[in-house]
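Each of the next two complexes has subunit A plus one more chain, namely subunit B in the first and subunit C in the second.
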Partner chain A sequence: MSDAEAELPAPFAEALAYVHSHRDGEVRIDAVKDNFAYLWIGSIAKNQSSETPGGWIRLPLAFPYANPHGLVTREALRSSGERLVSDGHNPNHDMCAPVRGVGGAHYYSWTWENAPQLRSPQDIVGVVQWYERRIRLG
Partner chain B sequence: MNTGLGRNEAEREGSHKEYVIFVGDIEEKWREAHVSAEKIMREAGVTEPDKFILEALDHKGGNPVAEFTSKDSVDLAAKDREFFRITPGGGGRS
Partner chain C sequence: MRLEFAITEKQMDDVLHRLFGAGAHRPQDPERGFLAAVFPATGASRRTLLLGQIVEPENGDVYWSRKDGLVMRHRYYSRALSVIQSLPGAGLLNVHSHPRPLTGTSPPAPSDQDLATDARELCFASRALPEGRAMAAAIVTPGGGLSLREYKFRRPRIAAEAVRSAFGPEGAKFAFAERVRVVGPGLRAIWGDPYRKPPRSVLNAAMVDSSILLWGAGGQRVLSALTIGIAGLGGVGGIVAEHLARLGVGTLILVDYDRLEDGNFNRSQGATRSEMALRIPKVEVYSRVAKEAATAPGFQVFPFRESVAESAGLNHLLDCDIVVAAADDAFARQVLDHMAYAHLIPVIDGGTTLVPDSLSMMLTAGKSQIAAAGAEHACLECQGVYSQEEATVARESATWGKYIDVETRGELVTSRQLRAPSVICNNGLVASLIGLRILAIALRVTPATLRGTQRYYVEDGTLAWGAVKGCRSDCLKASWSGQGDAHFIPVGEDIRWKKIRQQEVTDGTPP
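Showing the complex of A and B:
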């Protein structure tokens, strides 16, 4: 466990443990900035087989009582038609700074607007699926 | 005896077919081939299905191959209609 993970609020820590046990691949916190953790999920699916899975979800430390906001990836996302995903795409945005040292370079400013209210730490799995759907919709 | 039925399609007492599906780890059994996504999600415990998307997966824990809103009908006899997951809908950008 990293220093950042040792100081997490209990509901967030519960969410982290839950996503650890319910998703394949790496799950870790690579940075914390402005009350948001940059949660690396190594299994986040992309549209093209040439793309490496994974990305950083900006998850509030107050999760599930506050909403996720944004995704950071190493490479620009591609749609199913091979074009670049343009929705909310901000290359080299300041939001990438906390994970730039480990490759974070593209910020997608996707918000939880009009999405169902989050109610429990276990909702983290739905959050990851929600990001995968946003990527799939391009 | 090989009945030739699909993998999620069981035959009981001759004419009654039953479609067994999994929404996450929750097993559901339906007697009709066409079921509304709303019913499937409610059976899985979702109280506000209009706010969620039902995703059909290519295998258990696999990748989504189709998605349905609560208003859609799902053909359980079709290919890749055995495993599902429920994903929040909505979303915007700042």
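Showing the complex of A and C:
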């Protein structure tokens, strides 16, 4: 457990443990900036073998009482039609800064507005799936 | 740290029904009892124990014996401990009845037998729970009088200590809860320590005779015993502070980090030009205003330059009986909404939105809104006061969202949040409705106005009640009721306050 993970609020830590046990690939906190953690999900992808998986979800430390706000990736994302995802795409944005040192270069400013209501730490799994759908939709 | 006990009105009705009414486990017995979970709720200077889940006694679990008094069998303790072990942060509370006095709320004193039995049972039960969990015993009388003792036991670390009396029931130390707060939808505080008399509040009758005509000296004493917190000392919170001090409230806790500036002088009732010139923190300004306006002898006001969205600011509000949410910020509102349920502290929120026409700059629409939240009220979120997305946006960095760059002579000076229109007359209306809601909750002067959202529609000047009377069916707030410290309140970093702190350190501004 990293130092950042040791100081997480209990519901966030519970969410982290839950996603660890329900997702393949690496799951870790790479940075905490203000009220958000950068949660690396190694397997986040739109389910196509050609792409490079992985991304950082900006997850609020107050999860599930606050919403995820944005995704940072190493490479520009492509939708299911292989078109570059343009919606909310901000290359080299300030929001990438906390994870720039580990390759964070593309910020997708997708908020949780109009997304399913978050009620429990276990909803973290649905959050990852929602971001994957968001990538597919482009 | 002073100790209190809090219970919801519904729980109190249930307790009285179980101990004295048709719900009594063995109605033929002169005393009855049960075991329950209890949760601590910790503020800066007050620790409150909150009643949790009652563990139902089964046949023969609790009985009266002439020789031993009220007996709770070990199998019942064992079952209760299994339940409590599954509740994070919960401790154990043993509750039993005293048949007298039949009326009145004087706190009952424990008998020697009560003291010996409770210390013995709770001492051994405490070892089945993680160290530090609350262990307490309470006595209830038919009129609703209640006294509660919290016990502390030393836990042996080595075998030699286990046989020493200092580590057993004989080494127990206990303290009485000073007050018992019965919460929701109103608020009633009764004295809880049978060995001490409540402090007798002296009234300045000449100053408050016009209100004593309405609620009597008793009501005035209730006000003088209240501690009310105000989160946000802007146009609304500042006026509320003065109103409450003049009404005769005994203690105010003020939390805000802003300084008085020329941009808010037109709605800072009671503030002076010299305070504006010196950019005095608003909590200091309204601490002075409240002291000058106070009618309660011995009035106290405690100013804290903090943000309620951060734990340092919130901790002071956890010492309050009622909290006024006047911070006009979704992050702060969400924090206080959680607090209202988890810590059983009623919250009264108020604010105004004014919408000008962008061309004519005339006021085209707007509303002022007052809502109460907490036990047996709908939560602020379900009443439409804020949304989770708004609370999330308020947590974002200062460069996210509605900020504008302010330039002076072509030079970028600072980024400032876009300002919303604000008028002192609307603030005064909201402050008055908040004050009236506090009177409804604390004195029940107008019981019909206890619950719900009250709205003033600017465009047509009407005052109406919102339709929401309860939380949505999928709302979780009621399930957090009375969980105290065991419930995570979503505090965090107030980004604006963080920037101000950093800037003041850089500038060398005195605090």
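Please note the rule applied: the second predicted complex is superposed on the first by the 135 of 138 C-alpha atoms of A that agree within 3 Å, B and C clash if a C-alpha of one lies under 4 Å from a C-alpha of the other, contacts with A are read in each partner's own complex, and residues count from 1 in each chain.
Everything below uses one rule, namely that a residue touches a chain if its C-beta (ideal position, glycine included) is under 8 Å from a C-beta of that chain, and two chains touch if they have at least 3 such contacts.
Computed from a prediction, not measured in an experiment: that's the story for all the values here.
Engineer: Clash or fit: how do subunit B and subunit C relate after the overlay on subunit A?
Structural biologist: The answer is fit.
Engineer: Should A:S21 be classified as contacting the first partner (subunit B), the second (subunit C), both, or neither?
Structural biologist: Touch status of A:S21: no partner.
Engineer: Contacts for A:E113 in the overlay, against subunit B (first) and subunit C (second): which applies, first, second, both or neither?
Structural biologist: both
Engineer: May I ask you to decide whether A:H69 touches subunit B, subunit C, both, or neither, giving the answer as first, second, both or neither?
Structural biologist: Touch status of A:H69: both partners.
Engineer: Quick check for you: in the superposed arrangement, does A:P60 touch first (subunit B), second (subunit C), both or neither?
Structural biologist: second
Engineer: Answer with first, second, both or neither: which of subunit B and subunit C does A:G88 touch in the superposed model?
Structural biologist: First partner only.
Engineer: Between subunit B and subunit C, once the two complexes are placed on the common chain, what is the minimum CA to CA distance in Å?
Structural biologist: Checking C-alpha atoms only, subunit B sits 8 Å from subunit C at its nearest point.
Engineer: Which parts of subunit A are touched by subunit B and by subunit C alike?
Structural biologist: 69, 111-113
Engineer: Quick check on the complex: what are the subunit A residues that touch subunit C?
Structural biologist: Residue positions touching the partner: 9-11, 33-36, 60-62, 65-67, 69, 94, 111-113, 117-119.
Engineer: For the complex, give me every residue of subunit A touching subunit B.
Structural biologist: Within the complex, subunit A touches subunit B at residues 24, 45, 69-70, 87-88, 108-116, 126-127, 129-130, 132-134, 136.
Engineer: Over in the complex, which subunit B residues touch subunit A? Could you list them?
Structural biologist: Going by the criterion above, the answer is residues 48, 51-53, 55, 61, 63-64, 67, 85-94.
Engineer: Would you tell me which residues of subunit C are touching subunit A in their complex?
Structural biologist: Residue list for subunit C touching subunit A: 334, 338, 388-389, 391-393, 395-397, 399, 474, 476, 488, 490-493, 495, 498.
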